[in-house]
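In structure tokens below, several structures.
What follows is chain A paired twice: with chain B in the first complex and chain C in the second.
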Partner chain A sequence: MTGGMTRPLSRRARVLLPLSVLLVVLASWEAAVQATRTQGLVPHPGGVLWSGAQLTANGVIFQAMSGSLARVLIGFLFGACVGIPLGLAVGAFGTLDRALRPVLDALRSIAPIAWIPMAILWLGVRGNAALFVVAYGAVFPFIVNSSQAVRQVDRRLLSAARALGAGRWVMLRSVLLPSALPMIFTGARIALAFAWASIIAAELAVGIKVAGHGRSVAGIGQLMVETLYVKRDVDALVFYMLVVGLVSFAIDAGLRRVQERLLPWKSH
Partner chain B sequence: MEKPLDELVRLQGVGMVYQSSRDGERVEALAGIDFSVRRGEFLTVVGPSGCGKSTLLSLIAGFAAPTSGSVLFEGRPVDGPDPARGVMFQEYALFPWRTVAGNVEFGPFARGVDAATRRARAQTLIDLVGLKGFERRYPHELSGGMRQRCALARMLANEPTLWLMDEPLAAVDLQTRIILQDELLRLWGDARAGAQRPTVMFVTHGIDEAVLLADRILVLGRRPGRIKEVLEVDLPRPRAALRGSAEVARLTAHLWELIRDEAAQAIAEETQ
Partner chain C sequence: MSRAGARFGAVALPLSGVAAVVVVWEVASRLAANATLVPPPLTVWRAFAAMQGSDLPADIGASLLHLAIGYGLGVGAGLALALVAASSRALEAIVDPFVEFLRPISPIAWIPLAILLFGVGRAVPVFLIFYASMFPIFVATLDGIRRVDARLIHAARSLGASRRLVVTRVVLPAALPSVIAGARLSLGVAWMSLVAGEIVGGDAGIGWRILWYQEFFQMDRVMAAILIVGVLGLGADLLLRALQHLARRWNPAAAESAA
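Up next, the complex of A and B:
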């Protein structure tokens, strides 16, 4: 609720008010931890800042981040390469849809994370299991949105294009594809959010063993497991959580930007 | 088998039955339509809602085939859409991902006309329909009237022999509608001699519009749509000057007489 009985806030107050609330919360949090001497068990803002500075300075956070992001990207691209063509085909051909629907629905209903034990069994713990989970999770948003995009193509636009002389190729490339694009792109955003969420979970599950080997690139999830069990650094854990949130925010904001640039006729 | 030269479209015993997408029921939209559209005439089509006006138009456009009878265009059976038969839709049906210029260029683009030629032609048409300065806008940035101008220019870019217009002005407000009527007449060649005008088949709900624009009015009766009457409109052109005149009012009243009962019936059935 904005407004109500009160006068609307000035622009400066709109920034300063939430900011000061945040500062008060952080300060009382810090004070509470200091007063109860529970550092090491309960994270506190000062410790988070300190750990964050260290992990940034020695580059650990960047290594872990690039390891995780690389897997997300590969899994996401795999999802696009499989999901978009499959989705388009399923959307365009009713027979194929009917044939594959039960299988796809069944697979889609299984949470990607539930595959982890199997993935570890087949692919080992060196990052490939996590990659599998990410790719698996990313495929379905692409399938669902691509097929829906084809089904929802405005029939009148198809008629208009035919009346204007469009042949098969022009129809496909210059009518069907552009009209499906916004929805596919929305699918991509969902897929990437899924991928990022499941990479953390997958790395958490796969984690600890890899961290000891030092051979494969440990991701941020693995780093969190290590931080929890080996280093027992609660402040670093909170710092990782913040970074994870920040990255997913940045990814979505970036994709929205791309969407606005590529699809200027749909601004959402 | 010499056919008269002034016959552009010929409908022979045309009937259309389709399955309703809502309840799967058989709907007889048109029955026993025998009619010819003369080359160069402005024909308006009126009738109560559900009389198959739009169906008739889509048969001539080639979007669907009649379940009985035949549709001939320039003496040949219609099998599918063709750029010679331009279509304008009620809800514009502009490509939202193309700018005004991109939409107008689409026809020539689809038929493989080279970029320079189609650009030049599009610009001419954009100027002609009064959209100069809006070439780079997308349809969602345009008003209803401007979208309809864009749709008109897009249709004209293919230089069609026949303009098939399905209630093109139904979605714009009254003032815009009057302005667009005048512009449509101007583009068609209201002030020129009849021989060089394109042929127009214009479906409308507006009976005053039907009178003001037309050389002939095709009146359809409802369900299944049959030809109820064909009215000749012997009023001088240009027509814009006759807006609100006694002759137009008299013909409009007559037309209303013809369709009043069925229109009322249609409304009664729709509200059930």
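Up next, the complex of A and C:
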């Protein structure tokens, strides 16, 4: 089952095998849709490619994407500004940790999207409600990882530095920060991924509220709602889904790269 | 700290945290001076009490049913896929790229397509939960199986254990902590997907009810329902955390590497 029980495949087989299975699946899918004449009801590979090419050419996808990404970035930064100090404080002071833990755990268990009615009430439909949802989702990974980062600093390193006569500043710069940063950065990676998922959810929820008022296209979520309820274009919907997935993938891969480059000494 | 003092801290500190939040909230609602904009804690409590006599039990029941079906199917599928992928390199080469391709597409992105395919209704949250919970447990289980000490397998085989016996008596028990850790991750994303699915594409459940109360502008009830979402999610997580704790006693080394 593991290790010695099965022989590893050659590199070529590892690429060709899934690729050929994928091609067979896509081809038979396309054939099935063509044969049953259900284009427009069921998404099919050819249609997805075609609407993808159109939406890329007329720039619709980029416009929506920049709106969504801007909100994700603002919400993410807000999450960092609140979450990192709070997480560090909770990690450093056990009393604070025990006082706040049930509250933070309960708040964390509220799916960010559940706040959407309150967010709309407080901040309005046009963008800011979605921003609230994103910021809410991004705060918790920062809190969790920052507090964990403080807790796992090796006490022996601290005492060693103190015994060698390190001052406060040296201690912070040379011991605390280097050992805490990788974990905080991992928190940032989780937060950004979570923020991206939350923005889609928030825009979907907000988009349904304003769909049909002629001002619904502001982000990729709203675009999906419009495609679903107004245009009823299945293929475009699948294309948007793939783009959303591609962005998540790019965010994660990109931040992993940055982490390896900036903080090469330890990665979680 | 003395023992009595420690026990006092274990109860009093969390309570003081909760109390602090209630006070901040009360102050905020006084400042806003608008019971709709920021419903005061007492109003929300009354709304909660009123909801208990009406829709709340049915809503929670509906949500838990969504969760049970979707999570059961998703975890089952994830486990089965992981076992299939672990059983042969060729199958792994086929399954793994598909999983890695689908995994970044968050369940949320499926909502519009799910609505189009199934219509607004209970199938949307169930499908989202299924999809969301499949991947974390797949990844964790496969990883857990790969980490099983090869010496244990060789020892069992050389003692004459059949392949099936090796799987059921050596590989699965050793991988159990990873499986449970994966199940806990799965439950977390499943809960988020449940709420999103019910809000955007459902017609029953606690998430859907949040939007229902919003239509009637009963913000105190909206607030109560939001808090219930948090408490239910926390309860589910605590349940799996307890399971994880059990698994840690079962196999400390594997639990450490899975955590």
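Here, the second predicted complex is superposed on the first by the 246 of 268 C-alpha atoms of A that agree within 3 Å, B and C clash if a C-alpha of one lies under 4 Å from a C-alpha of the other, contacts with A are read in each partner's own complex, and residues count from 1 in each chain.
The criterion applied here is as follows: a contact is a pair of C-beta atoms (placed from the backbone, for glycine too) under 8 Å apart; a residue touches a chain by one contact, two chains touch by 3 or more.
As the structure is a computational prediction, the values presented were derived from the model and not from experiment.
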Exercise for review: Spot which of chain B and chain C makes contact with more residues of chain A, would you?
Suggested key: C
Exercise for review: Could you look at A:Ala57 and tell me whether it touches chain B, chain C, both or neither (first, second, both, neither)?
Suggested key: neither
Check your understanding: So, does A:Ala106 touch the first partner chain B, the second partner chain C, both, or neither?
Key -> second
Check your understanding: Should A:Ala13 be classified as contacting the first partner (chain B), the second (chain C), both, or neither?
Key -> second
Review point. Touching A:Ala161 in the superposition: chain B (first), chain C (second), both, neither?
Key: first
Exercise for review: May I ask you to decide whether A:Gly245 touches chain B, chain C, both, or neither, giving the answer as first, second, both or neither?
Suggested key: second
Review point. Contact residues on chain A for chain C in the complex?
Key: 1-9, 13-14, 17-18, 21-22, 43, 95, 98-103, 105-118, 120-122, 196-198, 200-201, 204-205, 208, 224-225, 227-228, 232, 234, 237-238, 240-242, 244-246, 248-249, 252
Check your understanding: Mind pulling up the chain C residues that touch chain A in the complex?
Key -> 9-10, 13-14, 16-18, 20-21, 36-37, 86-90, 93-94, 96-98, 101-102, 104-106, 108-113, 115-116, 145-146, 148, 150, 153-154, 163, 166-167, 171, 191-192, 194-196, 199-200, 207, 210-211, 213-214, 219, 222-223, 225-227, 229-234, 237
Point to revise | chain A residues within the chain B interface of the complex | key: 154, 156-157, 159-167, 170, 174-175, 178-179, 181, 263-266
Review point. For chain B, which residues count as touching chain A in their complex?
Key: 58, 61-63, 80-83, 85-87, 89, 91, 93-98, 106-107, 109-111, 138-140, 154-155, 158
